[in-house]
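Note that the chains take the letters A, B, C, D, E and F in the order they are written out, and that residue 1 is the start of every chain.
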Amino acid sequence: MSLLSRLLILADRVAAPGTVHAHCDLPCGVYDPAQARIEAQSVKACMEKFQGSDDEVFKQRSVFIKEERADLVKHHLWVLWTDYFKPEHLAKVPELHDLFWRATKKAGEAKKTNDPAVGQQLLDLCDRVAAAFAATKS
Amino acid sequence: MSLLSRLLILADRVAAPGTVHAHCDLPCGVYDPAQARIEAQSVKACMEKFQGSDDEVFKQRSVFIKEERADLVKHHLWVLWTDYFKPEHLAKVPELHDLFWRATKKAGEAKKTNDPAVGQQLLDLCDRVAAAFAATKS
Amino acid sequence: MSLLSRLLILADRVAAPGTVHAHCDLPCGVYDPAQARIEAQSVKACMEKFQGSDDEVFKQRSVFIKEERADLVKHHLWVLWTDYFKPEHLAKVPELHDLFWRATKKAGEAKKTNDPAVGQQLLDLCDRVAAAFAATKS
Amino acid sequence: MSLLSRLLILADRVAAPGTVHAHCDLPCGVYDPAQARIEAQSVKACMEKFQGSDDEVFKQRSVFIKEERADLVKHHLWVLWTDYFKPEHLAKVPELHDLFWRATKKAGEAKKTNDPAVGQQLLDLCDRVAAAFAATKS
Amino acid sequence: MSLLSRLLILADRVAAPGTVHAHCDLPCGVYDPAQARIEAQSVKACMEKFQGSDDEVFKQRSVFIKEERADLVKHHLWVLWTDYFKPEHLAKVPELHDLFWRATKKAGEAKKTNDPAVGQQLLDLCDRVAAAFAATKS
Amino acid sequence: MSLLSRLLILADRVAAPGTVHAHCDLPCGVYDPAQARIEAQSVKACMEKFQGSDDEVFKQRSVFIKEERADLVKHHLWVLWTDYFKPEHLAKVPELHDLFWRATKKAGEAKKTNDPAVGQQLLDLCDRVAAAFAATKS
């Protein structure tokens, strides 16, 4: 995540600690890119644990737990893309569709590898999603 | 669904009854737009049942069953968008991202109304997705 | 699937492309044996991918993804058996209970092996279910 | 299934009497009809709570919670039918298929009504399932 | 489980065979510690199956099926802790929080090992939970 | 949330933006109280939407969507309590068990009412959980 993105997010948190955003099609109005990012952190951590272990059973567990977590990353990202973002946001985030396509595809790729570099790429894409979210939130 | 789309899909079924397509990130290679369409049919049917009933409990059940089914429509569409479609398909289906965005947003809209016309619009979008699928399947 | 079954299903699709059938206990009236078959295709594809790979992690993933897909086969078959089929259908499909028992047991067996022949047997049973469905749909 | 396949499976069963009951397709060997019955108790209790209340929101909640619980009844019953019961049990429980068909259909019926009498019928059928289980457990 | 606990539970069953208890936040009034115990039996059985097998694929399946079952143990225990137990029960079961904390942590530990002794410890804790339940049920 | 708690959390975010925490029993090492809080925001928002609407169907949807979100609050809190917190943390957070018991019970209470004040109480308890988390994270 770029320093600018971090600052934007931080500024937003400091300035409006009580604002909420929506993720349930009521819509309740609560959306937060942190949901996808937390699962992406788990995906990367599973990869690192896999690489650092010699225990076959532990490594197998890390693979299927990573599979579940990567599914959650995809789910949370899809919800943001379809439910939070509106046509009027495309002017501010022209790459919106491509960004979400690449981020969700990256989560799929993360299932197929145990290379933490892919986990980091997934985190970076989640951070770009967070920046797009911050840029469009009114 | 246009007659052409129907014929394309039918022709495909007749010509290659054994081919399979993928939907599980193995990837197993099995994808089928019928999964989203079946749930969309259920969404529209729930709306019609809602409109045709005077029983309050039945109507409430139709609302929350529709909610679940619309979620499944979104899920199956998201999987096709992220997992089946590849960058090289964009040449054949330039509207790919916009089509899926509108289709999944329509599924969200279908949760908020009991107007069968919205259910039909969702089915029509699922048919366009099916046509895009048929156009890109090798 | 016998040629006759295929033709019956095909004929049905051509003749009544808009009819829907039910799968949600509303009942919405939408049932389709394609749901179980698509997952069964995935089960068989996972077995073939398993057999064709030397990558231990990939093989493990194919095993647990197959497990999930076989669960979905069972679920969709159970729903058809309990929710779609009615006592009056037994006259047309006397083997109904035995067919579904064997088909769902076969899905369980498919979890325990990576032999694609078992995957094919599961597909064949799904095709017989589809034929029973086609024979009873009014 | 070919005759050869049947014989192979039968031979396997004869040779390995370590029968199992399990409910997870490992199979782990753990089955218990109490799982379905507890959910059926919940279904009936939701009906009674519905009847005893004048609060519209509470009544709506009882309806959709009952829907979920009835789904669990069906799931647990289906697992027993497909996974625990074996062909050799049919001699002891000739009505096996019909019993499970009626019990799971009753769970579906319980979604559509708030009449506690239907909840009681569901419990009675769960008790008959439990008796069939007890009669076949070695 | 201590002899006393067993007797308490048995006495309870004999004296009040029809009483029900609640687990769905309606609340429907149906709670039963058997739900957690059945899954814990499955966890231990998976460990034993793992130890008794030389088949790599079977052992992998036992590991991830155990993971799912241990999750269910945790879920059912958490529901009892939060939903069934009330502040007034603390007088009768002073160790309530610690018991549930250790039982749910043990279920987590059971995911990380295939030692049946840990499965047995989990069962023993489920039995202590059952005794606490029996001691507080009115 | 007290000003101090807010500052502690904020300070933590500024000082260690890359640290991660665990929530999957691998354990992957990623835990974050934000998961429960986001769902709790949704619970409160559903209550407010319910109060502000005259549309019966919308109000019903807000009730069952709230039910699901409150379930997620409970789940995320239970995971923190059982998986993140360790015996050595009790010295720093003596009220740990009571805090989580009250917070998860409050989530259950939030299902039974549409009073936003209860939603706010749930948020306040989530904030106290976040403060306990911040106080124990090394």
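Everything that follows uses one rule, which is that contacts are C-beta pairs under 8 Å (C-beta built on N, C-alpha and C of every residue); 3 or more make two chains touch, one makes a residue touch a chain.
The shown structure was predicted, so the numbers you read here are calculated from the model rather than taken from an experiment.
*Asks:* By label order, what chains touch chain E and chain F together?
*Replies:* Neighbours common to chain E and chain F are A, D.
*Asks:* Rounded to the nearest 5 degrees, what is the angle of the rotation relating the C-alpha atoms of chain B to those of chain F?
*Replies:* Answer in degrees: 120, to the nearest 5.
*Asks:* Is the contact between copies chain D and chain E built from the same residues on both sides or from different ones, judged by whether over half of the numbers are shared?
*Replies:* Same, since over half the interface numbering is common to both chains.
*Asks:* Which option, E-F, C-E or B-F, should count as the same interface as C-D once over half of the contact pairs match?
*Replies:* E-F
*Asks:* Could you grab the centroid distance between chain A and chain E? Build each centroid from C-alpha atoms only and quote it in angstrom.
*Replies:* Centre separation, chain A to chain E: 35 Å.
*Asks:* Can you check how far apart chain A and chain D are, centre to centre, with Cα atoms defining each centre and the answer in Å?
*Replies:* So the centroids are 40 Å from each other.
*Asks:* Using CA atom averages as chain centres, what separation in Å is found between chain A and chain B?
*Replies:* 25
*Asks:* Which whole number of Å gives the spacing of the CA centres of chain B and chain D?
*Replies:* The mean C-alpha positions of chain B and chain D differ by 32 Å.
*Asks:* Which residues of chain B are in contact with two or more other chains?
*Replies:* Residues 25, 58, 60-61, 64-65, 67, 111-112.
*Asks:* What kind of graph do the touching chains make: line, ring, star, complete, other?
*Replies:* other
*Asks:* Give the pairs of chains that touch; include all such pairs.
*Replies:* By the stated definition, chains touch in these pairs: A-B, A-C, A-E, A-F, B-C, B-D, B-F, C-D, C-E, D-E, D-F, E-F.
*Asks:* Considering only the defined contacts, which chain B positions touch chain F in the complex?
*Replies:* 59-60, 63-64, 67, 111-112, 114
*Asks:* Over in the complex, which chain B residues touch chain A? Could you list them?
*Replies:* Residues 25, 67, 70, 74, 78, 81-83, 97-98, 101, 104-105, 108, 111-112 of chain B touch chain A in their complex.
*Asks:* Considering only the defined contacts, which chain D positions touch chain F in the complex?
*Replies:* For chain D paired with chain F, touching residues are 57-58, 60-61, 64-65.
*Asks:* In the complex, go through chain F and note every residue touching chain A.
*Replies:* 6, 10, 13-14, 17, 20, 22-26, 28-30, 32, 34-35, 38, 41-42, 44-46, 49, 58, 61-62, 65, 68-69
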